[in-house]
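Got some structures for you, see below.
Two complexes are shown next, each including subunit A; its partner changes from subunit B in the first to subunit C in the second.
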Partner chain A sequence: MKVNILIVGGGISGLSIAYTLAKRGIKDILVVDANYIGSGSTGRCATGIRASFTSEEHVVLMKNSIELWKKLSQPEELGKYGLQFDQGGYVWIASKEESVELFKKLVNLHNSLGVPTRVVSPEELKELVPPIRADEAKAALHDPTAGKSYVFDTLHAYIKACKELGVRIMTFTPVRKLVAGGGKVKAAVTDKGSIEADTFIVAAGSGSKKLMESIGVDIPLKNLPRHIMITEAFKPAFKPLVIDWDAGGAPYIVQTKEGNFIIAREIEEEPEQPLGSVRIDFLPKVVSAMAKWFPWIKRIRVLRYWIGYYVTSPDHHPIYGPVDEYENIYLACGYSGHGYMLAPVTGKIITEWLLDGRPSIPQAERLTLRRFKEGRLIEEFAIVG
Partner chain B sequence: MGGEMRKHPTIICRCNDVTIEDVERAINEGYTDLESLRKRLRIGMGPCQGRTCIPLLIRLLARKLGKKPTEITLPVTRPPVVPIPLELFLKSKDVGGERK
Partner chain C sequence: MPCTRNLLSDRRIWSHPILTFKRGRKVKFFFEGREVEAYEGESIAAALYAIGVDIFSYSIKLKRPRGAFCMIGKCSSCFMKVDGIPNTRTCIEPVREGVKVERQKGLAEIPTNGGESDVEDEEVLETDVLVIGGGPAGLSAALATAKYGLKTVIVNEHFKLGGQLLKQTHKFFGSKDLFGGLRGFQIGEELSRKVMGNPNIKVLLQTVAYGIFRGGWVGLAGKNKLYRVKPKAVIVASGASENFLTFPGNDLPGVMGAGGAQTLMNEYGILPGDEVLTVGSGNVGLIVSYQLLQAGAKVKAIVEILPEIGGWFVHAAKVRRYGIPILTRHTLKAVWGRERVEGATIVQVDEKFRPIPGTEKDIECDLVLIAVGLTPDTRLFAQAGAVMRWVPEAGGPVPLRTRYLEVSIPGMYIAGDASGIEEATTAMLEGEIAGLSVVTKLAGPKAEVIERREKLLKFLWDEYRASPLMARAKAGKESVTVSEEEMEEIRKWNPPFVSFGVR
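Presenting the complex of A and B:
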């Protein structure tokens, strides 16, 4: 089989790239996935979307992404297929004075880049999140532009729109290796035969590193297991995603559109642990952290607990764009836990790299693989949700 | 009698009110494995964790695809299998005194 553009990875990133390319009139795009659509990190994510980050690159990219989420959710784009962007905001709770000081600095950074965050009092926190017990909070950082989007509605909308634009999608088709020669990538070898393409895009999440190794390109990614659980459903209780900044492992809670509560907290983990390796100690750690703010949570029931990978780069920023060794392959991976929220802007960036030679967002150009060779790493210290 | 009954939606997932018609539509849209049907429709994602609906869904999907039910790959089972209250994960001193 021969195609114009082969996208390896049918998660949110691969579909967003396919959609954005197809919207610009590009034909003959094929997306392949090893499993079902969204089976990797996409389908395991907590669905939060925010611009309140701690590096210029992340804030600018996410701000652009949020604009695109809003646009995509309109009926004339993907809203007609069920994509919703619920702009309920994020709140970060500080229980230490030094964290409040840090929040003030972060607010200055966000505001200078056009993201209207602000520090709010415990009383305002209580207004934003009525069922919280806020007495131990010193203050909170409120990001009103942030929100959430139900992942499988979003994937469904992208699938529908991609197919309508002529994009082909092959599921249950693992790519075992890439084949290259003469400075170009020639083909992807799958369980269903070899696929040649003029251009390759690797948006393969936790499988990206191994795939690139097959053509001798080292991408410095680690797959860090992150643990997450969901409770039974209740009527809508509060809109924002709530993060405890000072608890260690940044525990957070968000209510889904069906009413379930998604709760997570980072626990110490070794990279590359299999996704089935659940840990009983996760549940007490996450429950005790959240019960401090929401005592009623003790009475509700957990439905499921699962693990997803944060596909993490050394500076916790994505790896975008071309590689030095081959002229016809582009990377879109290593989001370090933020691939879902970045997906719309990922589509824009990779599309512009292919069609215009460079992305229109200058910060994206700093995020190529080359930065690790040249030692130009990006600083970031708020890697949750 | 069958025709009469089919005028009403037939719910096969009681937790999340998913009907046979919902399932048939999703299968026609290309969701032809249990994992993606589950996520598309939330079937089997409620408190019963699929005990009632997944066996029905397997038969429905197998019939649609012309396969045997045993040829359908089962979805992943997530802990704790049966929903349990979160307070069971807390020490007794953290739980006490709040129950109304």
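Presenting the complex of A and C:
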């Protein structure tokens, strides 16, 4: 089989890239996934979307992405297929004085980059999140532009729109390896035969590293297991995603539009643990952390608990764009836990690289694989949902 | 005539040709602020049904009235707010003096008011064996492991031990060894008594095994308490749940699982309806129809989509003798009614099971029984990563297992309906076999244990399942039973993330 563009990976990145390319009139795009659509990190994520980061690169990309989320959710784009962007905000709770000081600095950075965050009092926190017990909070950082969306609706909308634009999607087709020669990638080998393409895009999440190894390119990614759970559903209780900044593992909670609460926190983990390998200590850890703010949480039932990978790069920023060794392959991976919110801008960046030669957002150009060779790592220290 | 009822009517059965119902002491509790009466030992759902409550909740989005369907904690249509806690499955929650019960209209509010302080800290339980499920399979398994000195914890989600035996009022066949001559619920009581009295067994009621975790931990959730256990072996005997059908009106109160009706009628002595249409002519459909007749209901018809009756001839002959028509090549088209079933439309189907227009027939009734089979509850196996296979004859996806009932997760065993739908005698046999396999593994091979296990295996496979009536179930179980060597090979290809005990 031969196609114009082959996208390996049917997570939100691959679909967003396919959609954006197709919208610009590109034909003959094929998306292949080893499993079903969304079976990687995408279907396992918390769907938080925010621009309140601590590096210029992240803030600028996320701001762009939020604008795109708003646009995508309009009826004339993907809104008609059910994609929603629910701008309920984020709040970060500080219970230590030094964190309040840090928040003030962050707010200055955010504001200077056009993200209107501010530090709010415990009373305002209580207004934003009525069922919280705010006594132990010193202050909170409120990001009103942040929000959430709903992963299955989003995927469904992308699939529908992609198919409508003529994109083909092949599921349950793992790419075993890539084949290259003469400075070009030639084909992707699958159990159903080889697929040749003019251009290859690797948006294969936790499978990206192994895939690139098959053509001798090392991408410094680690698959870190992240644990997360969802509870039974209740009437809407509060809108923002709430993060406890000062607790170990930065626990967070968000209510989905169906009413369930998604709750997660970081726990110490070895990379590459199998995804089924759930841990009994996670549940009490995450619940007791959240019960400090929401005592009623001990009274509600957990429906599901699962693990997904944070596909993490050394500087916690994505790896975008071309590689030095081959002229016709592009990377879109290594989001380090933020690839869902980035997806719309990921589509834009990769599309522009392909069609216009370079992305219109200059910060994106700093995020190629080359930065690790050249030692130009980017700093970011707010790595949560 | 469609049957309408007033709240505070009494659906309890006070005279029955073969059964007498032992009822506990009277208790008073509150239903939406009103004081009502019940008998100790009843579930909240049963007690409410008895006084004429049909609607247990209103659906989340469209606020449609919902009735109870399964009565054994497997379907969630009986969710109510109990003492302030929303989404409580009232069919497996015992009624008690003063308990406050309210219906939910759509989603509940978060339970912000109090209650959190009585959640106790997690406790680590020490035990050799964990048995999950207190039906005939689990009880038999626990008795076998405890007999050989192994410390055994048995957990049961329901507030009573005995599982589905409690709703079985027929006399069992076979030898005394297999409880021949006793009725199902008597066997259940007998097994429960033995288990409760055994010093090696700790029983945790109203406690659910919620997951299998890295390092061989099992999580248990009781009413106000969490436990974690690291057993040397775990036997899962979690039973089965009833299948459902899609048709307009399938969520109307009065559409009930045949097993749900059995629970009300045989376990609690409550008449589930007056005029009944049964869907499905397997053994369950036939038996429950007959039992309803005995309890005083009128069974209008049994519809069966296949060209032939599914259940055994003896059972079909019995209901026919009482004049109940069994309509083969018929299916349910729709059920109608406002707040409870008032009638159903049935329709004939062609050889491809497509409804034949013009053959519709309306039947007035207040109860539509869904008796279309059971699905093994194998969720814990799937979650633990056991290698499973879809086996229609077993009722759904079931784990591969050895003859000794160990699955691909080392130290994890299966017994009873969970291993593939059969019935209570085989559940008890499998339970004991699994228990003895655990004994062999943990306490070393003892001649006496091996001998007993071989005897049971021989009886199960060569005699009990040899009956032509068991052919289908036998074929199902055969197709997922592998040799020890094959199992080792399966494990090589599907390395388990968790295992129990020393290997």
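Just so we're on the same page, the second predicted complex is superposed on the first by the 385 of 385 C-alpha atoms of A that agree within 3 Å, B and C clash if a C-alpha of one lies under 4 Å from a C-alpha of the other, contacts with A are read in each partner's own complex, and residues count from 1 in each chain.
To be clear about the criterion, a residue touches a chain if its C-beta (ideal position, glycine included) is under 8 Å from a C-beta of that chain, and two chains touch if they have at least 3 such contacts.
The structure presented is a predicted model; accordingly, all values stated were derived computationally and were not measured.
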{"item": "First, second, both or neither for A:P131, with subunit B first and subunit C second", "value": "second"}
{"item": "First, second, both or neither for A:R299, with subunit B first and subunit C second", "value": "both"}
{"item": "Dominant toucher of subunit A (residue count), subunit B or subunit C", "value": "B"}
{"item": "Which superposed partner A:S39 touches (first subunit B, second subunit C, both, neither)", "value": "first"}
{"item": "Which of subunit B and subunit C A:P274 touches, first, second, both or neither", "value": "second"}
{"item": "Subunit B versus subunit C as contact partner of A:A291, first or second or both or neither", "value": "both"}
{"item": "Touching partner for A:H156 - first (subunit B), second (subunit C), both, neither", "value": "first"}
{"item": "First, second, both or neither for A:E232, with subunit B first and subunit C second", "value": "both"}
{"item": "First (subunit B), second (subunit C), both or neither touched by A:L283", "value": "both"}
{"item": "Residues of subunit A at both interfaces, subunit B in one complex, subunit C in the other", "value": "232-233, 278, 283-284, 291, 295, 298-302, 305"}
{"item": "Touch list for subunit C against partner subunit A, complex", "value": "60, 85-87, 106-112, 115-116, 119, 122, 210-211, 213-215, 217, 219, 226, 228, 383, 385, 497-498"}
{"item": "Subunit B contact footprint on subunit A (complex, rising order)", "value": "35-39, 43, 152, 156, 159-160, 172, 231-233, 258, 278, 283-284, 287-288, 291, 295, 297-306"}
{"item": "In the complex with subunit A, residue positions of subunit B that touch it", "value": "16, 29-30, 33, 35-36, 39-40, 42, 45-47, 49, 78-80, 83-87, 89-91, 94-95, 98-99"}
{"item": "Of all residues in subunit A, those that touch subunit C in their complex", "value": "131, 232-235, 237, 259, 274, 276-280, 283-284, 291, 295-296, 298-302, 305"}
